[in-house]
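In order of appearance the chains are A, B and C, and numbering begins at 1 in each one.
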Amino acid sequence: MTPDTSSTPVRAGDLGGALAAFREASPLVHCLTNIVVAQWTANVLLAAGAAPAMVDNTHEAGEFARVPVPGGVLVNLGTPQDHTVAAMRLAVAGANETGRPWVLDPVAAGGLGWRTAVARELLAQRPAILRGNASEIGALAGGAGGRGVDSTDAPEQVLDAARHLARTHGTVVAVSGPLDHLTDGDGLVRIGNGHPWLTRVTGVGCALGALMAGFAGVTDDRLLAAAAATGLLTVAAEDAAAAASGPGSFAVMLLDRLSTLTARELSERVRLS
Amino acid sequence: MTPDTSSTPVRAGDLGGALAAFREASPLVHCLTNIVVAQWTANVLLAAGAAPAMVDNTHEAGEFARVPVPGGVLVNLGTPQDHTVAAMRLAVAGANETGRPWVLDPVAAGGLGWRTAVARELLAQRPAILRGNASEIGALAGGAGGRGVDSTDAPEQVLDAARHLARTHGTVVAVSGPLDHLTDGDGLVRIGNGHPWLTRVTGVGCALGALMAGFAGVTDDRLLAAAAATGLLTVAAEDAAAAASGPGSFAVMLLDRLSTLTARELSERVRLS
Amino acid sequence: MTPDTSSTPVRAGDLGGALAAFREASPLVHCLTNIVVAQWTANVLLAAGAAPAMVDNTHEAGEFARVPVPGGVLVNLGTPQDHTVAAMRLAVAGANETGRPWVLDPVAAGGLGWRTAVARELLAQRPAILRGNASEIGALAGGAGGRGVDSTDAPEQVLDAARHLARTHGTVVAVSGPLDHLTDGDGLVRIGNGHPWLTRVTGVGCALGALMAGFAGVTDDRLLAAAAATGLLTVAAEDAAAAASGPGSFAVMLLDRLSTLTARELSERVRLS
């Protein structure tokens, strides 16, 4: 019953398998994220079956990134401050030292000078996964960047940039958009699920990065980790939208559905290309 | 079908027109706000049709306040810290330099010493709109102030103070309460929509300030901007309350309704006096 | 109709009485808490009938903790930073100086070095109530600690540690878990209400600490304050779960139910042992 996806680098059935492993392990996701989406990110992780922990001070971030349990680290630049950026640097160093996967979400890179420099500096530390919208990815590859957190470009437009970043930095690059594009520089996975209301709730992309960090903690295949997180969130979003009357109830239903979506449903419903 | 409001400085039909312009422009609202309401504020803006961006570090706040796209800046003193207040000063300077409208929300001014001084300092920089409850407005005009974020005074009691502040600072003063009072020092608009549950959800007033910043980005008439934001939120609140069973579901329904309320509905249902 | 609880240090009817007093006084709860749960904590307090105020800067925290109105202070170590910890110290000093009750929630104590030291330092200042999960309480009493914010121990396992901490620090210790254990070092109250979804929503424990601070502001019996807060939250959770389809709608329904649960319902439904 799994659709034929033999031509893609990851198969639909693999996504279901990753979700089963995620639920089994309940990965610890160490988040250094922004003040806007911290609660939402934690609730998305809890609903999906992970264990969130927000540790973003310089005294503990490096220590916590070294905790030897299944999991990953999320570094999100939504509302950076000097003290949280310092903690991010320590967390990245700790994660790299212990081989812990970490995800970089360069929110609004390209649109603002300081965070773009910080994003480039962190990217040079080789995250397992780089997740952003098309404007952010384009900017990190040398483009002009957007006006803020929303994207004015389509993922297709920055695919070459994404592949280039993936190859030069040894990372998986995940470009969110109507059709999500994920690449390790070589292979390409496109995921066609989702709903427009995903753009009317703050922090959905940020939470997606957190889910990717969790999946990267339960599979060594980082392209699969990025794809499984994307599939889980966007398939759940389709059902949540069907049950909702606007962006408020959609966000609530999304949490509910993230907690009930099964590995089998994910495999059957994700639209890979 | 629009009620006769010829005696008020803004007419009901103008509010609908402002909402149409708001939806058309999707104004960028640069928020420097507090850790309690940042997510809620972003979701209210997104639901209503604006584009929120929280940029509150000193490296970027001044730069971002100068971005030349339709929009406005919100400066909210809910949980001020030295580093965010420094960013607020830079954002205000950037906004004033480029003629970008900004809104000051002096949360708990009067009740606490430091923020009251900060609020007075920022007020002297002449925001387009000053929004607060009666205690806060009264305190900034020289009164005693309340015990915290909630108001113990009625807007009617501080109307003279509001008019005085508006005239001396060249700003529109919006005093929230059961009957919202908005004045540019000369004209007065009162809006009679709303629901008691608005006081049982944190950050509704803060989100109202953010909406005002968005409306001020699409109309030069700042009294209209404040009135349109107030009308949008309070009319939507009436419908949300009718569909809800308590403050939790009310907040969810409010986001849903903010996304569907039409310009025509706003014009027809707002109660101006 | 009140169950017989004559053998417990607090009786079911006392919890209802405390809730009536809470609703009557609408205690001011001064929260120094984390960026993940600040909004949720404020909304829980508002729904239950209290007045939240988040004041966590060093300029105002000590001043605000001295405000002479009914209420209490919450000190939560979820996302400590140097500047917020400094504010916590000032708030604790202000509260102790004026006899204002304060609650310590040592999030993730034991799992991370710095905050464990901070938690011990603050605990030595003798909070009215210390609230945590079994791992945190065990760690503060000398145990090893857990991996983060979730607990791997059961309250029963740390009961001796909780009693010891309560006696040596003159505090009530509340250990959250499937069966909540509350002790003043001598008496023990166990509360058997709740629902597993309480562990799938971030910040429920943090909000419980805030409710305890509010109840401690309306009764001098700190064991009763901790019990009333626990009973209110967990009884409401049972009804919320019955009306919900997952952790997202559960959180929404929990806020609704916190606003409607009566003193009588609390007394009749709380399961004390």
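To be clear about the criterion, a residue touches a chain if its C-beta (ideal position, glycine included) is under 8 Å from a C-beta of that chain, and two chains touch if they have at least 3 such contacts.
Just so it is clear, the structure is predicted and the values come from calculations on it, not from any experiment.
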item: Chain contact graph, described as a line, ring, star, complete graph or other shape; value: complete
item: Fraction-based call for subunit C against subunit A, same above half, different below; value: different
item: Interchain centroid distance [CA atoms averaged], subunit A/subunit C, Å; value: 33
item: Subunit B residues counted as touching two or more neighbouring chains; value: 35, 38-39, 83, 251-252
item: Touching residues (chain side subunit B, partner subunit A) in the complex; value: 28, 35, 38-39, 42-43, 46-47, 51-57, 59-60, 63-64, 67, 69, 83, 251-260
item: Parts of subunit B lying in touch with subunit C, wherever the complex brings them together; value: 34-40, 78-83, 108, 111-115, 147-150, 199-203, 244-249, 251-252
